[in-house]
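Across the two complexes that follow, chain A remains constant while its partner is chain B and subsequently chain C.
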Partner chain A sequence: MYIQSAYAVSPQGSFNELLENPAQYRGDRLTCKEPDYSKYIDPKLIRRMSRIIKMGAAAAMECLQQAKVTMPDAITTGTAYGCLADTDQFLTRMVEFKEELLSPTAFIQSTHNTVGAQIALMLKCHHYNNTYVHRGSSFEAALMDAMGLIGEEAAQTVLVGGVDEIIEKSHAILSRFDLYKKEGSTETLIGGGTKGTMAGEGAAFFLLNGNREEGSLAKLDAVQNWYKPTVPVATLIEDFLKRNRVAAGSIDLLITGNNGDARYGGQYEALQQSVFKGIPSVTYKQFCGEYPTASAFALWMAAHILGTGQVPGVEGPAPKRILIYNNYKQQYPSLYLLSAC
Partner chain B sequence: MENKQELIHRLKEQIIKQLKLENKRPEDIGDHDPLFVDGLGLDSIDALELIVLLQQEYNIKLRSAEEGQDVFRSIDTMADYILEHSA
Partner chain C sequence: MSKEQTVYIGGLGVISAIGNNVAENLEALVSGRAGMQAMQRLQSVHKDTLPVAEVKVSNDALAELAGLPAEISRTALLSAVAAKEAIADAGIELPAWRRGFISANSVGGMDKTEDFFPGFLQDAASGDLKMVAHHECGAVTEVVADALGIKDFVTTISTACSSSANSIFLGARMIRQGLLDVVVAGGTDALTRFTLNGFNTLMILDQEYCQPFDENRRGLNLGEGAGYVVLVSEAVAATLNKKPFCALSGWCNANDAYHQTASSPSGTGSLLAMKGALKKSGLSPEDISYINLHGTGTQNNDIAEGTAIATLFEGNYPPMSSTKSYTGHTLGASGAIEAVYAALAIREGLVFPGLRLQTPMKDLPFSVTTVLEKRKIDHVLSNSFGFGGNCSSLVFSRAAFNHL
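Here is the complex of A and B:
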């Protein structure tokens, strides 16, 4: 199946910006560059939407516009945190007003499936719609569902996305776990040799199509993910490549999810010295930060690399085959295999 | 209790804030403009927000959902209801 179009609201303004002049961040987090939402969303609807809903809806609408598709056959969404700002507002009022006088809007929109549902409402799309909340494999679950629908011919086109946001409270709580660098910099995030990473957020949507259409960005050959696997990750990767009849040497580019945390970077480096040895590689979390659905940003980046033939920060021939390897919190390894089409 | 005109102005400010009508100012909302559909364009979720606003700001609980249809017809009818039911 094919990635017909892909769009991300992320800390980078666009793929062109990523190629020419990637946005750099300092501190402990990266924040999304948000588009002019009035281009995508009715102003009457915007007022009620929290930031993550606007980001998701805008990414989905732009993705559909680029594909010139008005009605997908299904919508699947992955999110670990859901609509945090609405959840925060609802719970805060619940405490402040002693469980009375609660705002219905924040309550209604605090559910994890609000982004997927809002997209369906805007499109008047009554087709299959599912949201996956599986921590570090939420996006992978949404993508696998989309691929299954297309594979079984239950759908021809599926809009699939991964969304997660940072809010002040969640960031403060996560910071207590010593996850982030105190004075990080995206310029030195990877390979800096210090513990911690930088937090990130984003909304990336893709239109998957069972057929190759004019303007399709890439062919999505295979996706697989695991949770706390009992066998070494290197073995999983070797089996994945063997199953898909791909020799490691035929991969032109490896995109890894190394997030710059020196406590875990060694695991990525060890794989690059073994199963990935000799494969040119780049990282992506210096562009989007670390979050549970960050692999959606990697897929967006890979699709555009194959679509344009250009790799951010790298000169050379256009890659024809890309492998993405992410391992969120060293518990959720996932692999994506893509090729040019 | 403030006079009706002062109440109407304050009510408009509270509605703009509660319903996040960010591109509206109090003077943009006519006292007799319908709040729903054609006028301000509010919907059923906004109606729930208005019920919460009445309770939170004026300690007034609507007796029934049907009553809301008359109370929330316009800012003017809301102000009358508040004046009538304020202690």
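Here is the complex of A and C:
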């Protein structure tokens, strides 16, 4: 299975920007740098769409354009929070206007499948379309579905994405759960030794292809994720590598989901002293922030590292094999194994 | 039937406005008793104008049935009650197998969030955070997965009104892929002011009791509930004391790609979903003994779905009905509740009558069944179509278990 193309609307403008001069953020969150939507979406639609829909649609369209594919065989989307801005708008008006004088637009766009549905609508794509909404494994579920469709030969190309947005009210509520640093900085986020992380958001889409096409970025060798495992994560990782016949020493680069929260960083460090020992590693949440579908950003970054042979912030030979390890809220460990193609 | 492994339905569980378990639901379907009435539990300014199909059990009583705390989302409580019934019905020793819980919902813990919100809008530091802890759709699923002790695979699908049809076929796919042995699959949704007002702004709610597939239909009534099936592999089926009587033989997910909420006049998505599901099951239209319609009762759905059926079944229409005339439209739960009814139709040899039909739709060459029909049912086609053009159809087939 191959990642033919990958595009992310994220707090970083592009992969090149990430290589040359990554955008830095201060405070408690990172915000997406939004593209010129008129390149991708009809202006009439742009006005109606909320931000998450535009980000998702733009990422999907750019992905298809890069792959020169006009009609994917399936579309799968993962989002933990769904269309927060539309949900908030409808809910707030409903409370303030006491259930009277409401307009349907925000409600219509508040359903969790709106991003995937709008992409289908723009493409006039009548094919398989599914949306996963399972917290820290929403993107993984969408990807598993996509890989399953290709494995079943029900599809050759699948457009698969992970999208989540921050809005003021969701950020205010999540902040009350003591998740974020008060005065964070992306430059010192990882290893800064203080509690809390920085909130992030993004929309990353991929065109998966069962075959290797000209210009494919990477081969996706294996993906696995777990829900609240009782077995130690180190054991899960060892088993994963064994099952996929990969010696830890043959991995050129490890990308970890350490989010800079000192309360949990030790778990990533312990693995780097054991199962991951000796593997060169980088982190990614200083680039995109922490959010439930952040692993989609890591996969986008890994695909482009393999495609270009360059690692953000690191000089050296081009990696041929990458392992991504994320463990959102210590409940949803996930592993992605990719190689150059 | 396809040459691939048969995925059997090992157990059923349901809670809806017409009953708190499978037996009560069946009894209501047989006796033609609808579940909608004036709003009793939901607090809304529309309580005197918009009838709804509420589950007639308080959160406290549901919590008791579910063995969960009463303060969690009603969406989770309904889910736990129906999922537990399905597992008990299957009589299965879950820990022996690789097992999954695939649920679906459209609103997650919105019932709690909408109570939290007025205070929060006044003061962003106020409100009990426990009320938003299960806001996410996935959080509702996890409460139940944890209560059931399922963790090999847990996920949540949300494609509006087709959500739980998708969760059911995903379970079957994962069994055929050899990833899981047993999957408890279905969906849940509780009534909320959010959804009630949302549908009300679309002007598709009927102020009277809905009349699906009637020429003078006015819209839908919202309902609530949950439904689950226990999907089992051939190997698991062989170990069950109560041998499965039916299997999920076909499914298809297609997109109408016409409008965010409205269906295309030709019912393109519906037609693709039904055709695809028949193809997957290896059946022809004439093999279908009963269609459980999506049949919401809106002008738009019923003509689009009806047109697609007229195209596919041309001249050879099986009996069909919309059980939403009993349960209201239960959104993310509807595909799964109707999957349970499809299985019951096969088991009991019954076509459940549509209620309140007065004038059949003039533009359709067929009409829905209005009297309880006793007949052998071999294959049921069940439709679930939603916002975003998401259309899914499932085919359930009689399949007396034998050692293949």
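Definition applied: the second predicted complex is superposed on the first by the 341 of 341 C-alpha atoms of A that agree within 3 Å, B and C clash if a C-alpha of one lies under 4 Å from a C-alpha of the other, contacts with A are read in each partner's own complex, and residues count from 1 in each chain.
Basically, a contact is a pair of C-beta atoms (placed from the backbone, for glycine too) under 8 Å apart; a residue touches a chain by one contact, two chains touch by 3 or more.
Note that the coordinates shown come from a computational prediction; the quantities given were computed from them, not determined experimentally.
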| item | value |
| --- | --- |
| Chain B versus chain C as contact partner of A:Pro43, first or second or both or neither | first |
| First, second, both or neither for A:Arg176, with chain B first and chain C second | second |
| Winner by number of chain A residues touched, once chain B and chain C are compared | C |
| Which superposed partner A:Arg245 touches (first chain B, second chain C, both, neither) | neither |
| Touched partner set for A:Pro104, first chain B, second chain C, both or neither | both |
| Which of chain B and chain C A:Leu91 touches, first, second, both or neither | second |
| Contact residues common to both interfaces of chain A (with chain B and with chain C) | 100, 102-104, 108 |
| Chain C-facing residues of chain A, complex | 75, 80-82, 90-92, 94-96, 98-100, 102-104, 107-114, 116-118, 120-121, 123-135, 137-138, 141, 145, 148, 151-152, 169, 172-173, 176-177, 226-230 |
| Chain A residues touching chain B - in the complex, by the definition given at the top | 43-44, 47-48, 97, 100-105, 108 |
| Complex contact set, residues of chain B against chain A | 19-23, 41, 45, 48-49, 52, 55-56 |
| Interfacial residue positions of chain C with respect to chain A in the complex | 44-46, 106, 108, 113-114, 117-118, 120-121, 124-125, 129, 132, 136-139, 141-142, 145-146, 151, 153-160, 166, 170, 173-174, 176-177, 193-194, 197-198, 200-202, 253-261, 268-269, 272, 386-390 |
